[in-house]
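I've put the structures underneath this note.
Shared between the two complexes below is chain A, which pairs with chain B and chain C, respectively.
Moving on, here comes the complex of A and B:
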């Protein structure tokens, strides 16, 4: 096992040379590999000087949690263990991060909901841990096929939420996520989402930097709250015990604290813009009157639909949202200039992204917003379904 | 002077109540005492503000002072608590404490302890869980037992008042069979969960069932349990701290209630594993006990 005492000014405990996030993400030479999303996550964690990871067996959706365990056995991760269940593991992650560790875990689907209480608690304590959410279905009847409905439940937890489309984005995002979450003026947890199976189990070409370099370690003493390590005086001393005993203190505390957490998420924008090269990515025809607003693998399917529509002489474009919290409202409005029809294809039945888009665009666009098509776990989203939705809207009664 | 673990902001010092200044100056820290700290120092020291938020005469307040006085190294101790009356006291002591969710205290403590061992391999840092029976024996039972199974190096102290007291007096797993409480309108239907025995069979190296009627006994158990947890494995203390409010006693009747129970439901139970026994004998020889 590795020892933190093996860390030097230039190398981490596993002997990797310490580099900046810019060098790791933008400057270091890369080589092509062919990997699944889970394997790529292992490669990302390997390059992140991770102190702690906790895992559990039922709903990690993929073998990613096993692979992080292998990294620990190989000496790349400081401490790693299997917890009892999702609620317990997210609690253990909280403990690890409170004690000053760069901490990561992964979950999906029903396990996310079982652990739900923890996510708001994470943001409330301003820990900068990272959750890789490999989305899958949550409804009965049981499914292990992808759905991203659990993201809807995560939206108001106070955590940052980023969404990766493919294995390359998963690799780059999960590295950048630590860096942004740990910025002293941000310092809130981050949830990096990918669509399970389509990304976690799919082997794709991915460009990776060498594995003998890694991110500089987490510096817990730059946290806005002192780490729980008995090295510094307690950060807060409440004269009154807990806020519920006084309406005035309750108001004062929540008025400052809850808005501060959300402000911290907003303060992540410039960092995310830098490391993600913008909060939205647009492909297709710039002057199109039809736009797809998407995230995750729905973006991939929408791009396929865009190419097929072009063959029919119909111009369209795909606006992929890379961050959901913060929601890239201004970037979306800019990207939608001149658009008359907006489609929001989603992998869930409730249409949470459609609601987000409509809320952001309320009274700011005259375009029609169509929430669809939607598929609900257990299947892919065929480009034909997206094309059909478009044709029925722009060519009513005649279909695709 | 106390060490730097608890410091009043100099800008606010002139408006601070005297007892908060006392908490900074008169707490019994291990590093600033000429003689070993302990229960005998309680009359002269300040472990818990008098203006704490528990009911007058609540045995938990006394028990917390005994626990704090017995910590081997308070400046290197993290206390993890859970929602309940116990957690209301923690803003009124001078240690690092963590309140997370209801029932997940042993899971949070696990994460903290593992990371402290990783980050500070050459420093003894103790992690102590202190929660009520609702959090320990009921809602949080899974996480409590799993931390024992995993052999986490933490001490778990349950302030067992046999009821969910802070939420208004509902039946818990630690309530005796037949007791009428809210949510048990015709009396509780199953026996009190013998948590101290579960702790023994679940991997604890030191497990005790006792009341808080005898300060020295509580302090001794706390000290032994923390030392064993530091070196050997998980330890557990079940300490009866009755909710005088919920069982209808006056402020001056808590001690009597505990003494009565010394020979009943809280008749002394003590398990020490052979390796813990050997370790404690060594500690005694070295003057650590």
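Moving on, here comes the complex of A and C:
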């Protein structure tokens, strides 16, 4: 087992050479591998000098959690333990991060909701931990199928939310996520989302840098809140009598605190812009009048539809949102210039992304926004379903 | 109510909501304008030397001698207060205060406006305060008072202050003190 005392100025406890995020993400040579999302997450964590990881099983993230456990056994992760349940896990993650540890955990579906109180507490205490959310259904009758409805519950927790489309993005994003979350002026938790099974359990080609390099360790003394120690117990700031009362000063404090958390997420924009190469990625025809606004694997399906529509002589484009919090409003508006029809394909029943898009575009576009196609409960979304939606809109009554 | 800065009309202002974020490395922020560090230092010195009851609020990172840099900074801040003719009201730590804070002797991050009202402070420098507490306090001060706030930060700066200097270590504080002396002389003070 690794010890923090094994760390030197140039190498971490497992002997990996310490490098900057730019070197790890952009400059180091890469080799092709063929891996599942869970395996790729293990590879990412291996290169992040992670101090602590807390696990609890729930499909589809169990395998990722167990693979991070293997990393601990191999000496790459400082400490690793299993929580009592998801609420316990997220509380323990908070404890690790407040004490100054670079901390990661994973969860899925109902586990996310069971732990819900903690996410707002995470952001309120400005810990820079990372949650890999491998999305799955949350409803009764219980399902393990991929469905990203739980993301809608996470939107107002005050955490940053990034969304990866495939295994390659999961690898790169989960490394960049630590770097951005730990910037002193950001320093709020980050939730890196992938669609469960579609990404966690499918094997794809992925380009990885060598595993003998890793990120520099987290520097807790650059935290905007002092890390806990014997003089600074956790939650000390919560106990001020003025803050706990219901009066004007309490109101002022809480309002300022909440605006500050959201301001911290806003400050992440330039860093995310750099490490993600833009907050939105656009593919397809630049002069298209039809656009798909997507995130996650819906982007992949929309790209399939875009190619098929091109064969029919219909130009379209796919605007993939890589961050949901902060929401890339300006980038989206720019990418939608000249577009007349906007479609928002989603893997959930409520259409949370459609709501986000409509809110961002209210009175800022004359394009017609269609919230669909939408599938739920883990059903796949074939390109034909997207094409059908488009044809019914632009060619009413005649179908695809 | 607040009468300065880009978030003038918001009861609980947050500069990021107006599109203002921390300055890039090597630069400073005056309200929403990104300027050279020296320009900001001159403006800060001028404001501190000309406003009523100018006060420096040193935080735990410069009040406690946990390393040599902190000790050096503390000495320079004391010198700064003499150059600027400024009072000093410390933010010792972030502990709850029972039964109430004493606004005469310290400023609390959760209700900084009390200290500013009580002492009729019209210009203030926050220095050595952990960033989150500085930002919470700065938002409230902007909202509740007409105090001109300055953040002198060792990290990325604070867009909620009217003037922000970032990456300020002892060498930068020495530079600030030198500039402040020049400005004081120019103003004939």
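Methods note: the second predicted complex is superposed on the first by the 381 of 400 C-alpha atoms of A that agree within 3 Å, B and C clash if a C-alpha of one lies under 4 Å from a C-alpha of the other, contacts with A are read in each partner's own complex, and residues count from 1 in each chain.
Just so it is clear, a residue touches a chain if its C-beta (ideal position, glycine included) is under 8 Å from a C-beta of that chain, and two chains touch if they have at least 3 such contacts.
In this text the structure is predicted, and so the values were computed from the model without any measurement.
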Exercise for review: Pick one for A:126: touches chain B only (first), chain C only (second), both, or neither.
Suggested key: second
Review point. Who does A:390 touch here: chain B (first), chain C (second), both, or neither?
Key: neither
Study note, to complete from the structure: Between chain B and chain C, the one with more contact residues on chain A is chain B
Practice item. Would you sort A:118 into first (chain B), second (chain C), both or neither based on which partner it touches? Key: first
Review point. Does chain B (first) or chain C (second) touch A:91, or do both, or does neither?
Key: first
Exercise for review: Return first, second, both or neither, reflecting whether A:256 touches chain B, chain C, both chains, or no partner chain.
Suggested key: second
Exercise for review: Look at A:170 in the shared chain and tell me whether it touches chain B only, chain C only, both, or neither; answer first, second, both or neither.
Suggested key: neither
Review point. A:298 contacts which: chain B (first), chain C (second), both, neither?
Key: neither
Check your understanding: If you stack the two complexes on chain A, which partner ends up touching A:135: first (chain B), second (chain C), both, or neither?
Key -> neither
Practice item. State which residues of chain A lie in both footprints, the one left by chain B and the one left by chain C. Key: 237, 239-242
Point to revise | Touching residues on chain C, where the partner in the complex is chain A | key: 12-17, 21-22, 60, 94-101, 108-111, 113-114, 130-133, 135-137, 139-140, 143-144, 155-157, 159-160
Point to revise | chain A to chain C touching residues, read off their complex | key: 126, 183-185, 187, 222-226, 236-237, 239-243, 249, 252-253, 255-257, 259-260, 262-263, 266-267, 269-270
Review point. What part of chain A is in contact with chain B in the complex they form?
Key: 3-5, 51-52, 54, 78-79, 81, 83-85, 87-89, 91-101, 103, 117-118, 121, 125, 228-230, 232-234, 237-242, 245
**Study point:** chain A-touching residues of chain B, taken from the complex the two chains share
**Key:** 4-7, 52-53, 75-78, 80, 87-92, 94-98, 100-101, 104, 107-122, 125, 142-143, 146, 150
